[in-house]
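One structure, as structure tokens, below. Some questions next.
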Amino acid sequence: MNVFVTCKFCPDLDRMKQSDFVVQEEMGVDTHFLPNILNCYDESSLELSLRFGETVKNLEKTAFTIGPKTSEQVLDSLLALGFEHAVRVATEYDVRFRPETIAATICNYLHDHPQDLLVLGREAPLGNNAATAQLVASYLNLPLISAVVDFSYRDESSISVTFQHEGSLYRQEVSLPCVFSMENATISKLRMPTLRQRMKAKNCTIEYAQLEQKDSSLFPLPIAMRIPNRRRLSSISQKKGKDAVYELFEKDLKKRLEEV
Amino acid sequence: MRLLFVLQIGKNDTVQKVRKQQRALAGLATEFSCDFDTVIVCDATCFEETSFIGDVFILGIKILNPKTIAGEIVRFLKDKPYQGILIGEDTFANDIAVLLAYEKQLQCITNVIDLQRIGNSFTFTRFAYSNNIYVDFQVRKPFVVSVRTLSSSKTKVEGIRGNYTYLESKTNTDAIRGQEIVLSNDEIVQKEVLFACGMGIRKREDIQKIRTFAQTHGFSFGVTRPVAMRGWASISEIIGVSGTIFSPKICVTIGVSGSAAFYVGIENSECIVTINTDESATIISQSDRVIIDSYENVLDHLLTQFSQTTHE
Amino acid sequence: MNISREEIVEVMKDLVGAENVVTEQEVLEDATFDRFRKFEGYHHVYTNPLPAAVVFVQSAEQVSRVLSFCNAKKINVVPRTGHSATEGGLEPIVENSIILDGSHMNKIIDIDPVNMQATAECGVVLEDLENAVRKIGLTTGHSPQSKPIAMMGGLIATRSIGQFSTMYGGMEDMLAGVETVFPDGTICDIKSVPRRSAGPDIRHIVLGNEGTTNFITKATVKLWKYYPQYQECLGYTLDKMEDGLKIMRTVMVEGYRPSVARLYDAEDGKEHFSHFAPGKCVLIFVTEGPELVSHANAEGIRSIIANYPECEMVETKLIEHWFANLNWDASRIEEERQEVLQTDVVCCTTEISAPWSAVEKIYQVCVDRVTREIPDLTIFGAHASHCYSNGINLYFVYWYKVTDCTPEQEITKYHLPIKKIICEETIAAGGSMCHHHGVGKHRVHWIDKEHGSALYMIKKLKEAFDPNGIMNIGTILPYHETK
């Protein structure tokens, strides 16, 4: 059995202050000064795949990323953790709002390396397209399970998958091959390789794949970017006690509570 | 121009919630001078025909799967002249939108938070950069979008109760061999109003008073970490990074200074009301409405007003 | 101690008010550990006995009454404020201890811009004090990573030091005056004066006592004018740690005084700089102060580095941004808790100081020995962050995956053996085994080697001020249970 996991190494936007978000002319935000982290959904996917591999004999694991050279640090770690293949698509092409290109690139690789299970994160933090897993499932005509939070081995041709829907958790038995779109899983942290594992993997090499550009006919590119105004009203009442409360309700809370 | 709304009633969704979704979308359609129909995806055996507007098509499903649902909608769409499909907020909304976009070759935007129409041109807005940036897209007809949150449309739409048609589900779900519910979210319901107590509350009995009030009125209750650490609340009642993150309609903070660790737990509130004696407290600039006064002068009146307003 | 747990609680309620005495199980469990035993704590394993109560005090007089009582009844007292200690200093290691918590004494009493000092109670969070003085263009100059959560009492008790120490010094340079309470209930107020020669400097009985001889209730610290507009950030990548150490020594010996001087090896740097310096050491200087001073220091440092062509300059914004996000707050601690629980990987530290002639050897020996002798390490690295004319510190940072052992075995399998290597090699090379975190309870094993003949003075201080041995038993000096 084999499993294919996509991952994105991306700027840690939580480290940016609101004032750092400045839209530049090229419809982007300067994030080059930020440290990079794994996309949270991908982190779950990778860790769950490793745990999956601990229960499945001879599971062949492939990690796949489209990104800059700094992504290779993650791929080196994944090789040290036991991923059999770590693949990078080296490109400077802006794929932020191009889910079709991302999906086509993945499918292009899979054409020569078919997989039983494809695990993709729900969305990546820059583009937030939330479309890649769905497009991959469509292009390859594979079943899609969405909002996945966990999965486990059932037998050679099927997997037990847990997903959430509107806050409830469901379990389904799904035939392979299949595409999973990973949600916020309880398992959210990828393990770290030990120094010994890193030494052992020193001779493992990263593989490279090609970008497959696809027109964004279905997914138009942005025409504008804006910064939301998130400042709170901070309206201080001039009144005290009972009068202040009355004013609060008349001006604001009564209307909100009607909507509740 | 005719639009199609696709709404889903999940296991623990109320019909009222989905009706509210339809009304918001209907208001939008009216602003855009569009007609509309609605497909409601649900367990057809549990559906109640109540107060939906216009023509409603009920798609009953047993197996929860976005591809299955999308397949059914593709069958439904055959020869139907919708220029836009709007998928209401749901776990599978984005999936269904993208799958429909592929099947029907429609332009697609996911997670839309705002829609504008100028003539024949539509501009859709969603977030990017982890909800830190608004991004606008111009979309041509026909299109499909998943709508994330739509604040109540300004246009009020009153329903003429329409026709209900039940669709037969035919899409093959052989790939999915079985389904069971593992955990129902009945208990995990966050309330629309949250009361948050901080160290500015001087008496343990007052914390208890607010807690009891919240519980009896169906509101959420929580405290800052120092309040729990002084033994006046349990650790499970902590709000913030080491506790629970809330996103209520209204959050009332009483005696809270507004540490970053706490604020993370309430920052998604629609409206934050603060009662505090200290005008320079951090929480003041992070709130919408502020009363600078001792909580003892305010509390009883506040609770009375909440009580009266919610019982009206 | 001939008094029951319940009796202790009742007396505490009489002394400080019932609302200030906490006996809730969860709070008591939380009080049995600090960041040293975080792995156990995150797994809800509590190795130390539960204290009888956490007692919140509101005044020096209350502290005096509580300590007098505990002194008479021989009840162990663990002083606490911010709960951010890292070396076990807050662990109650004997039955029925009291955690004496000063975090509710959180008033900033005075900010004096004429005499350039501020007075705050022991429970004031350092970041709150810093924000308050910045409103009038001043700074405390103190910025440890724990700034958002650490409080004044604990910062003084541990002789803490911050990121800007190369210019502003450590807590020992900042403390002008202090009020403290001794076990017999005596309240002592050391007045703040610029300098005096009126006997030994008794502030040093308070500074670094780690709650073993007194409970700090109030402090006056010096202030400086804050010139953020003249800060200059200099960052460089280089291949070898030893080159970085040479550069730092030259900077100090030549007389330049940056506020920040930091050197990261490639392993420790991975956590911080992989987006621009993967596999490289990173050298950082920040200068500040009045414009001419800041600029002169920056230019002087640049001229020194110009002699090292292997140093490649790093864009200022990268350093500035990294620096702005260095501090720990409650959300980072919560993130750490999640990571530890899911991955069983723990990050710990041991910080030492050494003369210039010994630091390179200490670094190499520790890296060699720890990576060879300790299993399951994922990262072992170090950075130097506090420079002096006569030496430097090293902050060893190590991560290990806890494998095949219970939470309570973690410190004996990993943490203490690592610390043993570092402490013993450092002391053998002429350095100090603790630079700024304090001895706590887990470096007591080497306190005799650390002080040598001067241990006599430490012991005498303890005998003099805490003859009944009630203050934070097992801290600084090992605890020997008397039969």
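Here the chain labels run A, B and C in written order, and each chain numbers its own residues starting at 1.
Going forward, contacts are C-beta pairs under 8 Å (C-beta built on N, C-alpha and C of every residue); 3 or more make two chains touch, one makes a residue touch a chain.
Note that this is a predicted model, so its numbers are computed, not measured.
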Margin query: Chain contact topology under the given definition, line, ring, star, complete or other?
Written below: complete
Check: Quick one: most central chain, C-alpha centroids?
Finding: A
Margin query: Using the stated contact rule, I'd like to know whether A-B or A-C comes out ahead in C-beta pair count.
Written below: A-B
Note to self: Need the CA-centroid distance for the pair chain B / chain C, whole Å please.
What the structure shows: 45
Checklist line | Length of the line joining the C-alpha centres of chain A and chain B, rounded to whole Å | finding: 22
Checklist line | Euclidean distance of C-alpha centroids - chain A vs chain C, Å | finding: 38
Note to self: Show the residues in chain B shared as contacts by 2 or more other chains, in ascending order.
What the structure shows: none
Next item on the list: Going by the contact rule at the top, pick out the chain C residues touching chain A in the complex.
Entry: 270, 272-275, 278, 315, 317-318, 320-322, 325, 338-339, 342-343, 345, 371, 376-380, 399-401
Next item on the list: Enumerate the contact residues on chain A facing chain C in the complex.
Entry: 11, 15, 32-36, 47, 70, 73, 187-195
Next item on the list: Using the touch definition up top, name the residues of chain B that touch chain C in the complex.
Entry: 203-204, 225-226, 228-231, 234-235, 240-242, 259-261, 264
Next item on the list: Please give the residue numbers of chain C that touch chain B in the complex, ascending.
Entry: 19-20, 22-24, 26-27, 30, 54, 56, 103, 148, 329-331, 333-335, 337
Next item on the list: Provide the residue numbers of chain B that touch chain A in the complex, in ascending order.
Entry: 10-13, 63-67, 90-92, 94-95, 98-99, 101-103, 105-111, 123, 126-139, 152, 174-185, 188, 192-193, 249-250, 270-273, 279, 284-293, 297-298, 301-302, 305-306, 309-310
